[in-house]
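Structure first, then comments.
Order as written gives the chain letters A, B and C; numbering starts at 1 within each chain.
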Amino acid sequence: MVKAVHYLNQFFAGLGAEEAAETEPTRLDGAVGPGRGLQAQLDGVEIAATVACGDDYFAEHEDEALDRLLALIEAEQPAVLVAGPAFGSGRYGYACARVVAAAAERGIPAVTAMHPENPGAGAAGRALVVPTQVNVAGMREALPVLGRLASALAAGRELGSPDEEGYLPRGFRRNRFAEQPGAVRAIDLLLAKLGGEVRSEVAAGFDRVPPPAPVQDLGTALLALVTEAGCVPQGNPDRLPTIRARGWLRYPLEGVESLSPEAYESVHGGFDVTLANEDPNRLVPLDTVRALEREGRIARLHDAFYTTTGNGTPVESATRFGREIAAELRDAGVQAVLLSGT
Amino acid sequence: MRRDRGRDLRVPRLPAGRVTAFELASFPADLLAVDRGRIERLVTDEPALAGVEVEVVAPGAPVRVTHILDAVEPRIRPDGRPAFPTEGRAGTGRTNRLDGVAVLSCADFPGEERPLHEQESIVDLEGPGAALTPFGSLTNVVLDFEPAEGVGHFALDEAVRRVTLAVAELVAEPTLAAEPEEIERFELGPGDEELPAVAALIQLSDLGQLYYQYLYGTPVGQAGLPRALDPAELLDGAVTCGEYHWAALRNPTLFFQRNELVRALYSEHGNRLRFAGVVLTRGYEQTAEDKQRAAERAADAALALGADGVVITTDAGGNSHTDTMLTCRACERAGIKTAVIVAEMADPEATSPGLTDWVAEADCIVSAGNAEELVDEWMPARVLGGETLLDGTPAAAAGRVPVRNYLGATNQMGQGALQATAW
Amino acid sequence: MLAKEIERAGIPTVFVTALPTVATMIGVNRNVHAPAITHPFGLDGSERRRIVERGMEMLQADVTPTTVWEVA
């Protein structure tokens, strides 16, 4: 018999309704409220503790609440964490998602349940999300699925596909052999579309960042140059890879007025770098920006430029590089960036 | 069926009753006879080549083949015309094929200085990677070429391609004296006007030598693409391969000879659709304007064929996917419905999408599989082509190999059934 | 994708790219359409100046998400 921890909000943990929404992270013994129904659906797993937090408290102290909750959860050394079901409740769903995502990242298998349109449904990271009805009437239906998946996770059983097992796709892509070759599937999908029914095997889905406010006046601003076109000093002294770069580099620009072909080159492996090597300013427009600096159109150019090769770089790596570079730029007080890529 | 066009265009049609008749006669693999002497003489005539090792490998042998440049199906014409013509027109009359056989050419390009950097290209004939390519179920004639001392890349490439295509014809010679097992006749009579007209927009690449395909021996960037082609020409050796990057996403010669999309459209002609024809498009247009203009011209070519819908295919990776998506957008804006085939490059451990490019009009996408997934380790009993992979690991013990290194594994013409699904 | 992460840190960023459809798919907000993959900042100095000036204009402009500007 292995242990589970169950996360609930203040209401489902029986601590009160809206007036208890500021409840701080707290621990209760065993299964509480819907946890008792969940316990009946678990196989080989015992709910050792219930961890609860007020929805408002979580929303207002997210990082701190998460730390405290994870500490409470980890203290139980559970084989699985279950959160919710949150149904359509947005704050609760979001809190569930964050808790299970964080637990999963720390190696605790985790599953939650909520309505597919709950804002938390897309925020659970590697943890599983079981789709439910929009309100508590869906409890009866949700608990068996939640129980089965939690038991599977606790036992370390390998899971089947989202369709087979009843959880929402998390955004991973996994290969399999379809029944028909792609050519036949393409013809089938096209004929369906011509008949008015649009289906796709792939959907693009990237998160959105709101555009930052514009620079008031570049004449008083610090501008930085960044490139994904693999511009490096001649000879690539730090060995930036031509494809699937594992990092980024920073090179000084103090006293440099223009990128000369003797001193710089491009090592990007995804396009013909002949033109870029003839004049590296074609990738990183240093000569022009220096001229604008002299004219007072830009107050100052940051004293270094950042470079990587955006060729076959997995999204996660590019995201990490971006965050690291962004942190440096922010610390340096950079107010605007010109970025070149392919 | 009514087509609602955004533009008022007079659409020329194939004259009623015109047929394009091409016969493909299939002969069994046991007719294969590999004359090593003749092959070696072909190589002796090539100053760029120092030699060749020829191996005939049975289907499903525990062999890993590396450094593969091209895969070609043995073909020969009874009328004596070349099987891979550089002039005239393929796709008429009869061509013989050896069923169940492929010729694989292998070579490593010496030296570091290249405008682009090619990636490894392997095939496993057995083991967990076998199902990713069609070669495990074929008899493979493996040509492992040794470059001459100090030879340049382009000269090596030209010699390898010449010899490989010549060998593909040579080993099919026994079919000339035999009876075919099967004759397929490819022709397009006038179809039922009520059926939707579907065309295939097939992308070929040109990023300079070592990174292009050829149309009748001309690099596709110089072949006036986009342009319509009789589908039978595609099946009959008009397109050959000289492209060596993006192993899993590119299309060797054999994928045109055995093109599933064109074959399926022929077979559906008169059933669920009218096969309106093929337009060859070029991936890797290098400027924004060129990409946009080429996309619009591809849409115009599809309109000229009278297409109601098109399947748009992709070759290789990177910004060729932008050409695909712009072509999709141009077609949709011209009133032609599209289905697009692309491979995905999704980190298997991350929940981020794997499309290289996308436009809002691409609402109907076929997944050719995720090239970033890793295949379980397999230790072949034997390695052909090169003992060491391009990244320096030993080919016989390379650990988990990404799908992206397997030749044609995630090809984007729909040859195989690999597909990435939501997980 | 670098541009988005720098934007996430609150620094207005203009991405000069020959593939604006990739950028808008990923969700980059400020994009200037570069003439070519091989030379995003143009071939000669005057073309470069026009592209950089367009970028500067965009840095100082309010934009709706995933906007692409052409260079005159």
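Please note the rule applied: a residue touches a chain if its C-beta (ideal position, glycine included) is under 8 Å from a C-beta of that chain, and two chains touch if they have at least 3 such contacts.
For clarity, every value in this text was computed on a predicted model and none was experimentally measured.
> Between chain pairs B-C and A-B, which one is joined by a greater number of C-beta pairs in contact?
Result of the comparison of B-C and A-B: A-B.
> What chain lies farthest away from subunit C once each centre is taken as the mean of the Cα atoms?
Result for the farthest chain: B.
> How big is the gap, in whole Å, between where the Cα atoms of subunit A centre and where those of subunit C centre?
So the centre of subunit A lies 24 Å away from the centre of subunit C.
> Calculate how many whole Å lie between the centre of subunit A and the centre of subunit B, each centre taken as the average of the chain's C-alpha atoms.
Roughly 36 Å, centre to centre.
> Out of subunit C, which residues touch more than one other chain, so two or more?
Residue numbers touching two or more other chains: 18-19, 25, 34, 37-38.
> So which stretches of subunit B touch two or more other chains?
Where subunit B meets two or more other chains at a single residue, that happens at 286, 319, 355, 358.
> Considering subunit A alone, which of its residues make contact with at least two other chains?
Residues 204, 206, 271-274, 315, 319, 342 of subunit A each touch two or more of the other chains.
> Quick check: in the complex, which residue numbers of subunit A touch subunit B?
Subunit A residues touching subunit B: 125-126, 161-162, 169-187, 189-191, 193-194, 198-206, 242-243, 269-274, 311-312, 314-317, 319, 342.
> Give every residue of subunit B touching subunit C within the complex, in rising order.
Going through subunit B, the ones touching subunit C are 286-289, 291, 319, 322, 325-326, 329, 355-359.
> Touching subunit A in the complex: which residues of subunit C?
Contact set of subunit C toward subunit A: 1-19, 23, 25-27, 29-30, 34, 37-43, 45, 48-49, 51-52, 55-56, 59-65, 67.
> Tell me, which parts of subunit A touch subunit C in their complex?
That would be residues 204, 206-218, 226, 228-229, 271-276, 281-285, 287-289, 291-292, 297-298, 308, 310, 315, 318-319, 321-323, 325-327, 329-330, 334-342 of subunit A.
> Could you pull out which subunit C residues touch subunit B in their complex?
Residues 18-22, 25, 33-38 of subunit C touch subunit B in their complex.
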